[in-house]
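Just below is one structure, and these are the notes that go with it.
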Amino acid sequence: MITRISADRLPDLLRQISELEKLYIPVDKSEKISVFEEYAPGKVMSTKLNTLRSAKDFFFPQVQPMAKFRMEGKKIEVIDSRTEAQDYCIFGVRACDVRSFDILDRVFLADPVDTYYENRRKHATIISFACSEPSETCFCHSFGIDAAKPAGDARMWMANDIIYLEGISEKGKALLEKLDLAALDAVTDEKAERDVEAEERRVHEIQQKMPLYRLTPADNREKELAIFHSPIWKELSDKCLGCGSCTFVCPTCQCFDIEDFDGGHGVERYRCWDSCMYKDFTMMAAGTPRKTQLERFRQRFMHKLVYYPIRNDGMYSCVGCGRCLRRCPIHMNIVKVMKAMEEDAQCETKN
Amino acid sequence: MQMTSDNETWEPKIIAFCCNWCSYSGADLAGTNRLNYPANVKIIRVPCSCRINPMFILRAFQRGADGVIICGCHPGDCHYMTGNYHTRRRMTLLFSMLDYLGIEKERTRVEWVSAAEGQRFVDVMDDFVGQITKLGRCRRLEDLRCRTN
Amino acid sequence: MQKIGVFVCHCGTNIAATVDVEAVAEAARHVPGVVYATDYTYMCSQSGQDLIKDAVKKYGLTGVVVCSCSPRMHEKTFRKAVDSVGMNPYLLEIANIREQCSWVHKDKEIGTKKAIALMKAAVAKAELDSPLTAGETPVVKRALVIGGGIAGMQTALDIADAGYDVDIVEKNPTIGGKMAQLDKTFPTLDCSSCIVTPKMVEVGQNEKIHIYSYSEVTNVSGFVGNFKVTIKRKARYVDETKCTGCGLCTEKCPMKKVPNEFNLGLNNRSAVYIPFAQAVPKVATIDPNYCLMLNKGVCGLCSKVCGAGAINYKDTDKEIEVEYGAIVAATGYEIMDVSKYDEYAYSQSPDVVTSLEYERLMNAAGPTGGELLRPSDHKRPKTIVFVQCVGSRECDSTRGGKPYCSKICCMYTAKHAMLTKDHYPDTDIYVFYIDVRTPGKNFDEFYRRAVEQYGVHYIKGAVGKVTPENGKLIVQASDLLMNEQLTIDADMVVLAAAIEPSHSARHLATMLTASMDTNDWFTEAHPKLRPVESPTAGVFLSGVCQGPKDIPETVAQAGAAASKVIGLLSKDKLAGNPCVAHSDEMMCTGCSQCADVCPYGAITYVDKEFRMRDRTTKVRRVAQVNPAVCQGCGACTVTCPSGAMDLNGFSNSEIMAEVDALCR
Amino acid sequence: MQDELIKRACELLDDGTVNRVLGWSTGDFFYDITPTVFGSAEDVKKNFVYNDFCGANLSKYLIAESQKEGKIAVFLKPCDTYSFNQLMTEHRLKRENIYAIGIPCDGKVSAETLHDAGIHGILGVKRDGDDLVCDTVYGSRRMSFDAAQDERCRSCKSRRHVVYDELLGEEGEVLDSHRFDEVEKLEAMTPEERFNFWQGELSRCIRCNACRNVCPACNCELCVFDNPKSGVFSKAASNDFEDANFHIIRAFHVAGRCTDCGECSRVCPEHIPLHLLNRKFIKDIDTLYGDYQAGEKEGQMSPLSAFTEDKDAEPSIVQKGGIR
C-alpha cells in the first residue's frame, strides 16, 4: 500500500510526525554540509544524496557517557547515568544507511546485548528515503542494496513533486496510521504503486551507467589466510595517512574505546569512536598487536570484506554509501582495496 | 552534563603563573609587606615565564578558571636571559588567537613584575580580579564536565 | 598509590593568626593520597624538622608537603631534612601559605580556604614528583681571567696562591690596566705606580700564572667546570720568547709619530714600542698600522738592531684553544668619549682635558715629565676649572650620557686639586659639582682637606659654556648656592668624564652567556648575596666590569671572585641542578627548535638508531640535553610540539595537576 | 604536462638516477588521486597521473621515503616546495636520497567541490577556457574553474618553486595573494560573532585527525593528543572545549612552521576552514615581526624561536585593539 502526497505538503507531514514523537530529518547547513537535526517548523529537509556523517550516530554516537564516579575526599560514589530513551523517528535515511543498521545490530544486539545501543535502537522508527539521483561514488547495489527501494520501518520516494509513502514494519505502519493523511490530501491507489515502479526503473537505469556498476565483491570467506598474507597490503597501506576519517564517516564502523575523564570532582566514563587506523588502537600494557600501518590498514578491510562475512553468513560490513570514497584525503578507499583483492585473486588463479 | 544555575554565588577563579625569580619573589614581597590582594588569585610557581605552555592556560580555562595571568621578569631582566622574550612572542600570538576565536581578550594577561615590585604585584592583581569580576564567569572555554556539580 | 605527608606550619602566629592551620591539616587528611597530616608551631625548627623525619620513617611516606613560608625561604631546609632520612629531596613540595596567603589575607575564613587550595595543589604536584638526582661533571683545574688590570691581576694572584693554574688574557701588550696610568691614589696620595708595578711583576713571575698579552677571547663554549675557550693571539711581530725588552728597537725605529695610547695621545711613541718602562711582559710590539716595513716593505731597522733576533715581520694572528673550569670577567672600564659635550670645548681646545689625561700630565713618567704644563703652549696653568659629572648622572643618552654615578670622580678631583696645589700653591682651582659624594673610609676628611686646607673653590653649580679665546678658556658657569652667574678666565679645564664598560664587554658577555644591564655592566647572580658571580654558572665578575668602583673595592671584589673560583676548582666533580630539561628520544623528531631557543647551548643532536615496533631499525636525529649546561628555564619545553622535551621538577603533568587542583 | 612528467620519470628510472618515483595515480575515477610510489618505468607509464585533481602534497611522504634505500624522485608543485624546505629545516628529510622535480601548477580542483555544487554522477571533466565541463550521467554540467578550485588555490600565495633539483615547465611568480581577506573579515566581527562562528565550525569536528595526519608540519613521532601521558590526550571531540583545545594547540604547534599549504582544509571531512586558524598566526607574525614565509628558505629560524629585545609587541596589544 503506497500513499502519495503532493511534495509541497512535506512540511505538514513532518509537522504531523513531530507532534507524535521527536523527529530528526537531514538538513542542509550549507552548500557543503548536511546533517541530521531535530525537526522544528520551518526546517527544510535536505534532498542531498547523503548526510556528511552517517545515521549510525543515532544509536552509536561518537561520545556515549557510560557512568560517573563522584568523588568527595576519599569517598567514591558510582552513578549510572542511563535513562530509558523516548520514542523517536528518523526521517529521510538513505538505503545504504538503513542497511548499516542491520550490520551494527549484529554486533551490538548480539549476546551480550549492548544496552546503550539497544536503548536508542529500539525506540527509533526509521523512515527511509529512496535515492533519485545516485552519484558515481555510490555502489550500494554491489551489496544487494536497492537504492530505489530502501528498507526501514517505512519508506518514502520523491518523484515529479510527489511524495510516496509506504509502511514496511509493524512499527512503521503503526506510525503512518497515526498520521492524519486525509488532512494532507493523501491518496492511496494503484497509480502510486505504478509511479513508484517507474521511478525504481528509472533509478536502476541510471545506476547502470555508473563506473562502479559492475563492482561486485568476491566471496572471500574461503580465502581468509591467502588474502591476509597477500602482498597487496604493503602497497596499499604505504599511502595511508593513518587518519580516521574513513572510519568516522563510515556507517558500519563500530569500534570504540572507553575513556575516563577526570573533571576534578569526579570521573566521567564514556565510550567514544576509535579507529583501527590509529597507532594506539587496542593498545595494551604489552603494546599493540598491529605494529605498523600495514597491519592496521589490513585489519580494517579484512574486517569489512572477510572477517565480518565469515561470521555473518556472507554479509559484508560495507554498504557502498561512498562516504569514504569522498572523504579519504588521499582517496585510498575500499573500492581500490576490493579491486586490488580481485586482481590479486586473479593472479593467484593464473599461477 | 548539568548546567549550574546562574543565580548561584560566583567568585572568579584566577590562576597566576609566576616566574620563580622575579614575580614569585614579588608576590612574596607583597606578603612580607602585608599588602592585601584578593584571595581569588592562586599562584603557580614556574622557573621562568617561558616555561608556560599554552596548554596550561587552556587547561586552566577548561577547569573553570575565569582568568589567567602570567607574570615574569621585565624584558631584559630574565634570570635565564631570554626566557621572557619568548614568553612575550608566544603569549602575544596565543592571546590574539584566543581573541580571534571570540574568547574575551580581557581574560588573559601578561605582566612583568620584578622581585622588588610587591606593590605592583598587588595593583596588578587587584586590577585583574576587578576586570574578571566585571566580565563574569568564563563560559566560552569551559568544560562543563569540570563543574562542581 | 602515593603516601603523602602534609605538615602545616603555624610560623608562630604568622600563619596561624589568619589561617586555621588545624583545619588545613584536617582537610589534608581527606585528600586522596595523603596518609598523614599534622600542624606544628615552627616546622623549620629542629623539632619541627624531626616531626617530618619521624613521619617519613613511620608512615613510609613517598612524598612530603610542607605548608609554610615561601619555598624561596625554606625549601632547602626541608629538602635537607627529608634527605637525611633517605627520602629523595625532590619529593618534597612547599605550599606557600605565609607570604602568599596568611600575610596577604586578613579574613581567617578566606585565608583558610585559600591555604587548603594551595595545600591541595602542592599535594597534587607531590603525587607526580619523581626522585631526581643531580648529575656530576669533572672540573678542569684551571681558571681564565679576562682582563689584566688590577682586578684581573689580584684575582689571578689569589687563585694562583691557592695552587691553581690561571691564565690572564689581556688585549693590550701589557698588563696593568688603568691603575698603571694613574699618578697618585686617593685618599692616601701614595704613588700608583709604586703599588701596581710590583703587583705586575709578581703576576709576571708567578709560575702558576700565564699571561696572554695582546690577545683576545674569540669563542667560549662548554659550561661550568668544562669551558673551552678560544684565544686569539694577535700578531705582535716580536717573538715573546726571544725579546729581552732591551728597548733598542724602539730607539732606532724611525717612525716616531705614533700617538702614545698609554699617555692618551698626549705625546708620541715609535711604531715598535713597549707601552711603558715597567710593562709586563716587557716585550716590544710592532704596531702594524704604522710600521714602515709592514706597510711599505722598506726599513727593517728593528730587525737589524735586535740582538735576540726576535723580530718576525711574517707573524700572523694565532688561535689557541684552552680548557678552563672557571672564567672571571675583569674587563674594567673606559673613559667616556666627551666630544659630544660640545659646551666644554673638548674638541676645540687641547687645554680642555679629561681627568685621566690630567693624571698623565701630572705623572713623572708622563708626557711632561711630571711638570704640569698645559698641552697647547706648554705653559703652566694658573687657573684650573674642574667640571664634575660630565656624562654621569645624565638622562640624555643621545650624547652617550650615563644615568649612573661614576663613583670615583669626586675623590680623584679632590686629589687632583690637592696635588696641584701641593706643587704649585699659587694655582687657582675651581671645582663645579652637582653633589660631592664621599662615602668611604677617610674620604670626607680628604675632601674637606682640599676645601679647608688647600682653599680649593668648590662651587655647587653647572658649567654652561667653555669658550677658547686668546689662549684662555672663558668658563661661564652658575653658582647655585649664591644664585649668580660666574665667568672664569681659566688656563685649563679638566672634565671628570663618566666611566663606561669596556667596549668589548658586550661581545664577551654574549660569548659567556652572562647577562648585562642596560648600561652594559655585567649583572651579578644576586645584587646582594652573590655580587661576584654572574648568573651563568662558572663565570665570575671582578672589578669595574660589574659597576663603578674605586681601587680598594676592586681589589676586594677581585679577592672575592678568586675565592669563588677557588671554591669551584677545589671540587673534583660538580653536582648539577637536577631540575633540568630532558628529551624523550622516543618522541623527539630532531626538529632543532629547542636548540633555537636554548640560551645556554645545552642541546645537541645525535643520530640514533631505534628499534621499531615491527622490529626494523630506523635512524633518527634526536635532541640531547647536557644537564650540566641546562639551567632549567623550560623555554625548550614549550617550543617542542610533541612534548618530547620536559622539565624535571616542573613537568607538564605536574603543572597541569597544580592547575587542576587550584581550579577545583 | 602529464606526458612530460611520465617521460622524465621514466628517464630518471632508466638511467639509474633514482630507483623510485613519487607521484600520483588514480582508481576508477579520474579524480580519486592517491600519492603513489612507482618502482619501474613500466609502472609509471601504466599508472602515473597528473591532472587538475592532483592536489595532494607529496612532501610529507618523503619523511619515510627518504629514509629508504636509494634515491627517490618526487614531483613538487610550487606550494609543496615550501613544505619541502620546512621539512628540510627541521631535519626531517634525507636530502641526498631525494631528487626534487619542480612542476607548474595553476590551481587544483577537488571532486568534493563539484559534488557539493550538486554535480553528480561525474564520468569525466574537461577544461574549456575558464570553465570546467563535467560529463555526468545526468548530462553535461559547467562550472567555472575558479569556483571549482580549492580555496587555497584561489588564494594561492606563490607559483614560484623555492627548491628543486630540476624544473619542468615555466617558473612562476610569488603572487599578490588575498589570502588574509577571510581572516580580516573575522577580525572585523564582534567577539560574540567570532565565537559563534568558530563554535559552529569547530563543534562539527569529529577528531578524525585527517587535518593533523595530512599536515606536513604535524610530523611528530607521537602527537600530544595521542599521548596518554601528555595530559591533553583525548580520542574524541567530546565537547566544545576539546574541539577548541585541539585546534588551538594544533595551530599553535605549527605556528611559524605552517607554510599555508592548505591541506588541512582540503581534507577536513566536515569542511571546517582550518586554514583560517593557521593564517591568523601567519598574519599576526607578519604584522608584528615582519613578513615571514615558512619554508621560503631552508634553515630559517621560526619567528617563535626568535625575538628582539626592544621591538617586540607586548601581549597587551591584544587587549588594546588587537593585531590588525
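Note that the chains take the letters A, B, C and D in the order they are written out, and that residue 1 is the start of every chain.
Keep in mind that, in the parts below, contacts are C-beta pairs under 8 Å (C-beta built on N, C-alpha and C of every residue); 3 or more make two chains touch, one makes a residue touch a chain.
Quick caveat: nothing in here was measured; it's all calculated off a predicted structure.
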{"item": "Selected interface, A-B versus C-D, where C-beta contact pairs are more numerous", "value": "C-D"}
{"item": "Farthest-lying chain, centroid of Cα atoms versus that of subunit A", "value": "C"}
{"item": "Most centrally placed chain - per-chain CA mean versus overall CA mean", "value": "B"}
{"item": "Gap in Å, rounded to a whole number, between the CA centres of subunit D and subunit C", "value": "50"}
{"item": "Inter-chain centre distance, subunit A versus subunit B - centres from mean C-alpha coordinates, in Å", "value": "46"}
{"item": "Centre-to-centre distance between subunit D and subunit B (centres being mean Cα positions), rounded to whole Å", "value": "36"}
{"item": "Centre-to-centre distance between subunit D and subunit A (centres being mean Cα positions), rounded to whole Å", "value": "30"}
{"item": "Touching two or more other chains - residues of subunit D", "value": "224, 231, 238-239, 304-306"}
{"item": "Residues of subunit C touching at least two other chains", "value": "597, 639, 652, 656, 660, 663-664"}
{"item": "Residues within subunit B bordering two or more other chains", "value": "54-55, 59, 63-64, 76, 82, 86, 90, 143, 145-146"}
{"item": "Chain-level touch network, classified as line, ring, star, complete or other", "value": "complete"}
{"item": "Touching residues on subunit A, where the partner in the complex is subunit D", "value": "30-33, 35, 49, 52-53, 62-63, 133-137, 206, 209-212, 238-239, 241-245, 247-249, 257, 259, 261, 270, 272-275, 278-280, 325-327, 329-333, 335-336, 339"}
{"item": "For the subunit B and subunit A complex, residues of the former touching the latter", "value": "63-64, 143, 145-149"}
{"item": "Footprint of subunit B on subunit A - complex, ascending", "value": "261, 263-265, 268"}
{"item": "Sites on subunit D touched by subunit A in the complex", "value": "26-29, 31-37, 56, 111-112, 115-117, 120-123, 136-138, 204, 206-210, 212-214, 226, 234-239, 263, 266-267, 269-271"}
{"item": "Of subunit B, residues touching subunit D in the complex", "value": "1, 54-55, 58-59, 61-62, 75-76, 82, 85-86, 88-106, 108-110, 140-145"}
